[in-house]
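Next up: some structures, all given as structure tokens.
Each of the two complexes below includes chain A, the first together with chain B, the second together with chain C.
Then we have the complex of A and B:
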């Protein structure tokens, strides 16, 4: 079979696997889904190239497996708290992948911003929202088939596009050139120069937007808080 | 002349090294990293155990008691000033029955101490103890050049950002431990703790920004080198940033007066109320490691790291006697800061929750922002100002920095943003009238 056919087959298998693993009321085929998912991953793996050294390969495949497995866990777990924890695990694994290709600052920022701030806030909300535990309406997957198909279609298209777009340019470079780019000691400084030199206006605009969102949130909270206090007085 | 000949010799050696030997070097570097990790883990665990003993001695001294002084060499009658106490503590923690309460979420209950401990330990990977110039045989045997850095992950360009990222993961241990315990006291403790940790991350970052601006690098070894070269520690030039960072570091390490997460009078034991045995020990050790890390960061960022005037020099890499001296200087400073942490514990009462938040948001964050603005303005226009004041760069920045601290201090004490009105409010229902009633929503 040719490359795109194998990709499509494995995407189809993965979609069925995720559909089986999603919490759809009473019926669940978690282990069958996991086995199918492993088969799909194996098909995918058969089309990848190694990085050339067993340590780099080993670290890459361990991190990639952790990212994919925890991402599936984040989607299919019936407990929202566990979903958040699995997602945190995905973020850590992705940060590890970024570190492996030399994007140090991006790796640290992923952990710092997503895992350290946003996901913790999300976890708070989840813990406060369901102190009693079981709310069945939140613990089943709505439109399981459609969402599995849509998600996997996206993943398949992206991996096909990335695979066809990137591999020639990377293959054209020598290993030494690649390593020189990855192991550049002043990488973070160069990222900073790029962000605050060429793209200064975009950074400032995004910062202002976030500030406006913060002020808006404060205004909304104040308005509702004030009304509630009026209620109590009357 | 000599150096170029030596360089040629090196190149010859390198060319002669066959591919198999290079693969061996790869193995060797992995082995060296594992060895460093093992040594660091052993040192950290021992240090944490004995710091607990030091803390108990200091507590006893402050409270006019004797403190632990009986446990010495096991199975003999030798007392040794109580130096065997950490061993006894550890053995007791480990041999306690491994009991999991029936009402907890088992997976997350077991996961929480692992997360917080792993996060606390892995932050030490980038803490530098200095660098040694390699002896000649070293660079000929192994295919390395440049100084040997005394840290696990040398040359990590993101340095301090990595510590921040790992530190932010530690919040998970607290939140998960509190939630998985399925206990109201634990949950309150977890919520307080994580709100505190997240709030104080902002002044912590603001305090560091000034140092990074002046030092021009995120790497801790570069920041120490910058201070050693200029001879002026950052605490001299940026006192405002030092105060902000110190207070935030206290809060991040959850040391008194910021130990609200485990306010015993209110919360039994805070987020680890339901833990015992070795899991509780992991929480405790992680807390101590946070304190040790905070002390390391305070010393490295603001107190000159391994630098001491006239003693350690300011070159990047030195021969091993000087490198050893530098490590001793660094560790002495760190020990002094840790002792300060311990004395502070018995010197101030705990903050109330609203005071804690007011200090973070109304005092420390504005101070940190002012520090960043002052330092950035000095970096931009400081040269002209220094010329005009007819002095060199560092005293100028020091004067501006201390002036900023003075103005901030005066302004804060005049405005008094943390003042709270504790008078009873008659328009609100009294607490006794609300007991037993369902609150109206």
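Then we have the complex of A and C:
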């Protein structure tokens, strides 16, 4: 089979797998979905290329499979606690991939920032846990089939675009140039120089954005989050 | 390497790394989109958006390495900052909406639909089989607190 046919087959398998795994009220084909999804993931990974050394290959495939499998788990698990824990695993796998790309500071920053986010989300889930069993909204999805088809079509189109944009003929950087550039041993210091040199205004704007979000969150919770007022709608 | 370089499918390791990371980023983005479209729990929708942002971050970092430029990593830092802002506002909104309806279900807000759309009705669901023994109830003690009549219409009794 040629490459586009493999891509279409794996997209079809993946859409059916995610449709099977999404909560739909009644019975879910969890294991059938997982098997189909593994087949689709294997076919789809045939679009990747070797990284030149078997250890790099092994690390990459392990991290990529962990990231994608745990993302599927986070999206399809009917229990929000498990969603949050699966998302934590996605995060660790993505941090590992960032390390593989050579972005050490970003890998550490991702884990540090998002670990707090995960903890807060877990707290929220525990706080809002329904006392009388699992909520209806966790057991039913909106249009599971249509959304799975739409999302997988998006992945397929993006993969085809990557395949045509990143051809073997485009020029790559030499290891010497990379060692003097983004893979410099003083990489974090150079990233800081870049941030507080060329991008200083952008950094200031992002700081303002964070402040505005903080004030906005406090205002939303304090002004609108109190006891229900005369809310006659619905 | 020269022998391998003649093979039509041979790809330089740097280009292969870019290709692979872009593929994984695309998959994460699409999976997050599926979650955002299909799940009804607001917290899970929020997590799905975070998965989409992770996919975008990975792609940006891979492009930054391929072009040997710190711009990609700078962008990822900005993505993390924007994600933090988004998390703060989203969790504040979830808290507010939960206090109004006592439910994380977005369908509780279906009166925000367009005027000519029919109201949303949940189909009845079969009960889930109970797992394990139910917790023993506590013996009632003290005085039952008085609840406002109006509150009992929307706040479930715990």
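Keep in mind that, in the parts below, the second predicted complex is superposed on the first by the 184 of 234 C-alpha atoms of A that agree within 3 Å, B and C clash if a C-alpha of one lies under 4 Å from a C-alpha of the other, contacts with A are read in each partner's own complex, and residues count from 1 in each chain.
Following the convention adopted for this analysis, a residue touches a chain if its C-beta (ideal position, glycine included) is under 8 Å from a C-beta of that chain, and two chains touch if they have at least 3 such contacts.
If you're wondering where the values come from, they're calculated on a predicted model, not measured in any experiment.
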Next on the checklist: Under the stated touch criterion, name the partner, chain B or chain C, that contacts more residues in chain A.
Outcome noted: C
Checklist entry - Does chain B (first) or chain C (second) touch A:155, or do both, or does neither? => result second
Next on the checklist: If we overlay the two complexes on their shared chain A, which of chain B and chain C does A:6 touch? Say first, second, both or neither.
Outcome noted: neither
Checklist entry - Does the superposition put A:189 against chain B (first), chain C (second), both, or neither? => result first
Checklist entry - After lining up the shared chain so the two structures overlap, which partner does A:43 touch, if you call chain B first and chain C second: first, second, both or neither? => result neither
Checklist entry - Where does A:115 make contact in the superposed view: on chain B (first), on chain C (second), on both, or on neither? => result first
Next on the checklist: Contact-wise, after the overlay, does A:214 reach chain B, chain C, both or neither (first, second, both, neither)?
Outcome noted: second
Checklist entry - Looking at the overlay, does A:34 come into contact with chain B only (first), chain C only (second), both, or neither? => result neither
Next on the checklist: After the superposition on A, what does A:66 contact: first (chain B), second (chain C), both or neither?
Outcome noted: neither
Next on the checklist: Please report the chain A residues shared by its interface with chain B and its interface with chain C.
Outcome noted: 105, 109, 117, 120, 124, 233
Checklist entry - Any idea which chain B residues touch chain A in the complex? => result 26, 30, 107-108, 111, 155-158, 161-162, 164-169, 171-172, 175-176, 179, 187, 191, 194, 198, 201, 217-218, 427-428
Next on the checklist: Quick check: in the complex, which residue numbers of chain C touch chain A?
Outcome noted: 8-24, 26-35, 37-41, 43-44, 46-48, 50-51, 54, 57-58, 61-62, 64-71, 73-74, 76-78, 80-89, 91-96, 98-100, 103-107, 111, 122-123, 125-126, 128, 154, 156, 158
Item to check | Complex contacts: residues of chain A adjacent to chain B | outcome: 55, 81-82, 85, 88, 92, 95, 104-105, 107-109, 111-112, 115-117, 120, 123-124, 127, 185-189, 232-233
Item to check | Of all residues in chain A, those that touch chain C in their complex | outcome: 18, 22, 25-26, 44, 47-53, 56, 60, 64, 67-68, 71-72, 74-76, 80, 83-84, 87, 90-91, 94, 97-98, 100-103, 105-106, 109-110, 113-114, 117, 120-121, 124-125, 128, 131-144, 147-148, 150-152, 154-155, 158-159, 162-163, 166, 168, 170, 172-173, 177-178, 181-183, 190-191, 194-195, 199, 202, 206, 209-210, 212-214, 216-218, 220-221, 224-228, 231, 233-234
